[in-house]
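Two complexes come next, and they have one chain in common, chain A, joined by chain B in the first and chain C in the second.
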Partner chain A sequence: MSSAPELTLKAFNPADRIHPVKGGTVGSALPAPPVSFQLSQGETRISTPFPPPAKKSMEERLFEALVAAKVRTSLVAMHLHGGVRDKIFAQLNRLHDADEWPEGDEPLKLESFKTFLRFLLLFEPELRPSLGLSPDGNLLAAWVKEENRLMLEFCELNRVSWLVVREDANTFPERGSGVSTVDRLPEVLAPYRPEDWISRG
Partner chain B sequence: MLETESKPVTCYKAPPITEAVVEMHFGDVLSESARKRTSGKVARFYPTEVQEGLINLQLNPAARKAEFIDEDKWLKRATEDQTEILLIKSNVLTWSQLAPYATWDQFSERIRRDIDVIAVRPRRIVTRIGMRYINRIDIPASGDSVGQYEGYLQGGISMPPIIPPPSAYTWHYETRHEDVPCRSVIKSATVIPIVPNTNAIMLDIDLIADVVPARFEEMWELLQQLRHLKNTLFESIITDKAREIFSS
Partner chain C sequence: MRYVPHTRQIIDEDSGNVIGIYPAAFKLRPEDKGALSVNWIEFYGSLDDESIALAADGFRKNLQKKKLAQSALFALGNVGEAKRRGKLIRKPIRILHEPEGENDGHATIRQLDDNDQSFLDALANEVFLDRRAVAKLKLPKA
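For the complex of A and B:
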């Protein structure tokens, strides 16, 4: 009877996600996914952050949330112009100040931030919003112009919760709210003329 | 030998580089305390430090045994915006530049600065150097994502006409170069698009020199040659249609 083969789990370099190369290549510094497995005949590969997530303090979690957001931004940085990246980073840093962190709140969720980046690339808003964080780690953006307000909460899977308050002369204040995908926002918000908030003109 | 100053370098408005990496392997091995000292020397350039590592897990189902082994540990230093990264491993230093990528001059000056601060010379012997540029080309979506990549890359997969154009692909090309003593590993694949209304293809150019001159200045010259070769390969693989994307 043949003995069962020993299964070896080797470190998986995510940079070589396409094809491992014999003789080695140049490694990437991009972070590995939380835990990844690659199964093949006779070999399984695994990678995991170090140290394990369970032991992380709140300061570490805040730091890691910021790092994840900044690294994610780097993937689209070539399409962000006019100092957008630096302004966002400055706001994110302020939002994640460990000294003022409310106990029990969650740091920025990467999935929420991805939706926000998609929004930036789609809308290219000329006026930057004020950013905030919901207690469960969703990024909030607000544009306020006198009594008029546009507020967005960026959720995972490209979902956005939106709230509009619009007060034109001679009309009763108008309010609208809903949930949409970020790609549909231009159509959904069109009746409220979002360009009044996000454009300079 | 390739002339390193023969051609003007093309600078794109929106370079597609998502990560540029330079790696130096050394003949000796740094202890954990030496890695920490090295990390301390560059702390003023890279304020954040994280310890990372790889864990090797060996499973033996027959014996119902699992063993965790710390395969390697290293220190990751990064700038506050996380775009300039230095990995300090036991026998490897890795410099990584994430987007936005400015210029080679800027990147190489950073490497040179760190080498001087860490005092790599004259004690440590470099046994291997590598350079890698990972590019993502964001192609405007036309509604039909099939077979678009041929218009943006000269390299590709040749298939008989009976097989329809690919909706996804991966290719991988390894070769050895004569002019610059190195081997190259060039990969391309369709990847998940990140930018709205685009399809994305990745072009990854990886150059490895396993024979490195002992004198530092000659090694540095080899690095410049690798960079020149990388540019030549990149420019010969992409098409004008791709250049239009980076220039707009």
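For the complex of A and C:
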């Protein structure tokens, strides 16, 4: 039984070892034409240069962002109660509808979503927020009760931009806004009684 | 009026109704070059459904895909009220008619401090209160 001859490339010398093949059909749709490699046994094989990474379509980017967020959610799903996971997924699906996607917007950033998950685990809000997306891919959440509203923008590194509008009877509407971390949010929002929005009460 | 995609609408999860707009709908993007894009309805005539549809069509013409999302809406606001709100917080804004490309009714809100979440929220939920769903507009054929 004879063993197959070992194929080895000769010393690399682009000038006389690699000969571009003109008119190749395989490479006609690729950014660069195919080239032939002269192997030591006189055998020629055709290969193509490593193609540059293709620019992803928006549909692909939306899909990838959605998958990344869902995978991340699955890691903490055991701590989410009452069908929370399914409700989040439904909202994320709606937000990432490719047919409705606004031109120039960025899909959900995973770092922003991580901050949101941390918020869910710390606050355990009984009432689910409406979710939205900022143009640069930060997750937005809002609780609205008539004229009163609490809105959060989840940013990377556990940072949260918050806004509260509270209109109690016979008082001028009170507004507050700022930037904090998720961990500090309970203390920062306490004067505005966030439980009025996020608890069933 | 300002175009608001579905991602910037606050939607009641039970009813599916739009109950507000995120302040982010009025946030500047790098391509805005410091001026927020809106459309001036009265450029097309009186403040009625026909002028609103023409203004929406003007906005559509400047989009790459020449297509408005069916889930999007236009939020309509009063220029005088927007300026008054700016003056109240000592951050006066200017609103200028600046035709752009095929969008003859294009206008811009200038000197807008889009780091002021509270002001953006006031614009989104107290000034631009009249909301018209794209799906219900009688747009001219593209």
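Quick notes
The definition used in the following text is that the second predicted complex is superposed on the first by the 147 of 201 C-alpha atoms of A that agree within 3 Å, B and C clash if a C-alpha of one lies under 4 Å from a C-alpha of the other, contacts with A are read in each partner's own complex, and residues count from 1 in each chain.
FYI, contacts are C-beta pairs under 8 Å (C-beta built on N, C-alpha and C of every residue); 3 or more make two chains touch, one makes a residue touch a chain.
Everything quoted here is computed from the prediction, not taken from an experiment.
Looking at the shared chain after the overlay, A:L75 reaches chain B, while chain C stays out of its contact range.
Shared-chain residue A:F89: touches chain B; no touch with chain C. Touch criterion met: A:L163 reaches chain C, while chain B stays clear of it. Using the contact criterion defined above for the overlaid structures, shared-chain residue A:L122 touches chain B, although it does not reach chain C.
Once chain A of one complex is fitted onto chain A of the other, the partner contacts of A:P102 are limited to chain C, with no touch recorded for chain B.
The wider contact with chain A, measured as residues touched, comes from B rather than the other of chain B and chain C. In the superposed model, A:F63 makes contact with chain B only, not with chain C. In the superposed model, A:E187 lies in contact with neither chain B nor chain C. Chain A makes touch with chain C in their complex at residues 87, 91, 94-95, 97, 99-105, 128, 130, 132-136, 138, 140, 142, 144, 149, 151, 153, 161, 163, 165, 175-177. Those residues of chain A that touch chain B in the shared complex are 3-4, 6-11, 15, 18-19, 21, 23-30, 44, 46-51, 63, 67, 70-71, 74-79, 85-86, 89, 93, 117-118, 121-122, 183.
Note for the complex: chain B touches chain A at residues 14-19, 21-23, 48, 50-62, 71-73, 76, 78, 80-83, 85, 87, 92, 94, 96, 98-101, 130-132, 134, 136, 138, 170, 172, 174, 183, 185, 187, 189, 194-196, 202, 204, 206-208. By the touch criterion stated above, chain C contacts chain A in their complex at residues 5-13, 19-20, 22-24, 27, 29, 31, 63-65, 69-72, 116-118, 121, 125.
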